[in-house]
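For clarity, chains are labelled A, B, C and D in written order, and residue numbers in each chain start from 1.
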Amino acid sequence: MQIGEAVPEEIATRARESFARQGLMAHLGAEITEVRAGLVTLRLPFRPELTQQHGYFHAGGTSAIADSAGGYAGFTLFPEGSSVLTVEFKLNLLSPAQGAFLEATGRVIRHGRTLTICQLDVWGVEGARRRNVATGLQSLICLHDRPDSPAAG
Amino acid sequence: MQIGEAVPEEIATRARESFARQGLMAHLGAEITEVRAGLVTLRLPFRPELTQQHGYFHAGGTSAIADSAGGYAGFTLFPEGSSVLTVEFKLNLLSPAQGAFLEATGRVIRHGRTLTICQLDVWGVEGARRRNVATGLQSLICLHDRPDSPAAG
Amino acid sequence: MQIGEAVPEEIATRARESFARQGLMAHLGAEITEVRAGLVTLRLPFRPELTQQHGYFHAGGTSAIADSAGGYAGFTLFPEGSSVLTVEFKLNLLSPAQGAFLEATGRVIRHGRTLTICQLDVWGVEGARRRNVATGLQSLICLHDRPDSPAAG
Amino acid sequence: MQIGEAVPEEIATRARESFARQGLMAHLGAEITEVRAGLVTLRLPFRPELTQQHGYFHAGGTSAIADSAGGYAGFTLFPEGSSVLTVEFKLNLLSPAQGAFLEATGRVIRHGRTLTICQLDVWGVEGARRRNVATGLQSLICLHDRPDSPAAG
């Protein structure tokens, strides 16, 4: 598969179902808006419950959706019956995270059997204005012997 | 001031009041448990609203408290009338984040007029067991001309 | 200036002269091959003096040219009389660094008065084959009161 | 083994022999000064061939010894017949890297079958003065099927 191309429905469903089991994403109000091969987009609408002390989105929310976007981007390329863990990530916060919503994209830049590396980007979107508020890199590990199923949780 | 020593009450109050204005910390259920010079500790009790797909704490929650702990650790050393922004951070997720609560510590390792660098650590605590689930580094910038007050928010 | 556009000759000269004062670049055998606005490319030909234990380029050489490429990319946008320091950088080593030469690009992705953030990429090049062997992010600080001149060294 | 305790002579020899095959370490003039379990120290004496434009040690040299120190710290814990690759690292440059020599320490903070995480520190040493000039984190992968021997290079 090429990064960014369409994925079979069962892969998209597997990613969406796993996302739906992330209690934090529901608690923050994040939705998954796009699932492509090695490329996943999430959206997080602004709420006062997501702010830091100046009223912008807190970097913790920015990080949460960036991490999940990258994790599921990798997951779309993993074999059935495996699951994904984040090994590490690094984010540069480029501008105050403002807007009606944040959009986070995880994009696989290197896919291996064990390790997969993603580029993470988060935009603050307000009407037609779209600003890159954070960029980062993430290393994921594929756990080949651990299904990502509710029973395995 | 030496890192880890007691701070004057007005500095601790300034940090606690700013923390109280972070909508995300209240929404996650995090508390600030210790404010010392260049050293702040936060606590985040487990709730299903904080999980990732396997039922552990989501890395987004881990990151949120690590980032705030570091930010306020730096803030205790900043002059009055200034505020703090995170420039970037990097976290290594060392083990699944499990336990009755997470504890995050931010500790200043280099303090400068413009930039301050913190070590971030997060532990998963269950009874007497305490495990380092994440470690990281964070760069903060001191905004000398921007008070961290509600009106400035 | 737009990132990637041509720069006035005095800016390119300022970057090249500063690069020429980096003893390490000469010792490794690195050359500066392109200076554009916020975008600098370096080249490092393979030599046994640059290897790690398996015979590939050592990550230290990869890092050295990535760091200098990013530093000079930022420097092209800095005002006269200032100099540049790296605050931090992070590199993911995507594949063994092999080839007749490495090429490193630093590209500014956010330019501010105090802090400038660059994306770093290193390719291993062998004939027509070009492989992204490392990617990273770098934070630079502009020292407004410190000329980057030999006398200031 | 506990981190920092003595290692059997064959493990120390394995690390020192591998280090001796790193062309870059010899070219920079770095020596390995201590090999303990999960803890390795390197030393890099100052030379004009190692400088950046202001006459300090270039961050590339700092990175090179930090990366090798961490890699060999991990390697001391790896099984025979395996080798080590750096997945990623991040360094914060805390102060100008000055002194008669730099000393880099890699210390394992989490050791797993596949991934090992190290803390990296570099000091600038001048007489009795010792300053932490860089600190970082590094992720290593253990290649179980690839001996770290000259023939395998």
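Here, a contact is a pair of C-beta atoms (placed from the backbone, for glycine too) under 8 Å apart; a residue touches a chain by one contact, two chains touch by 3 or more.
A quick note: this is a predicted structure, and the numbers were derived from the prediction, not measured.
**Q** Identify the chain pair with more contacting C-beta pairs: C-D or B-C.
**A** The greater number of contacts lies at C-D.
**Q** Please identify which chain has its centre, taken as the mean of its CA atoms, farthest from the centre of chain A.
**A** Relative to chain A, the chain whose C-alpha centre sits farthest away is D.
**Q** How many angstrom lie between the CA centroids of chain C and chain D, rounded to a whole number?
**A** The mean C-alpha positions of chain C and chain D differ by 23 Å.
**Q** Between chain B and chain D, tell me the centre distance in angstrom, where each centre is the average of that chain's C-alpha atoms.
**A** It comes to 30 Å between the two C-alpha centres.
**Q** From the C-alpha centre of chain B to that of chain C, how far is it in Å?
**A** A distance of 33 Å separates the two centres.
**Q** Any chance you could list the residues of chain A touching two or more other chains?
**A** 87-88, 90, 92, 117, 137, 139
**Q** Across the complex, what residues on chain D touch chain C?
**A** Residues 18-19, 21-28, 47-55, 58-61, 63-65, 67-68, 83, 85-93, 96, 148, 152-153.
**Q** Residue numbers of chain C touching chain B in their complex, please.
**A** Going by the criterion above, the answer is residues 87-88, 90, 114-115, 117, 137, 139, 141.
**Q** Quick check: in the complex, which residue numbers of chain B touch chain D?
**A** Those in contact with chain D are residues 90, 92, 94-95, 109-110, 117, 119, 132, 135-137, 139.
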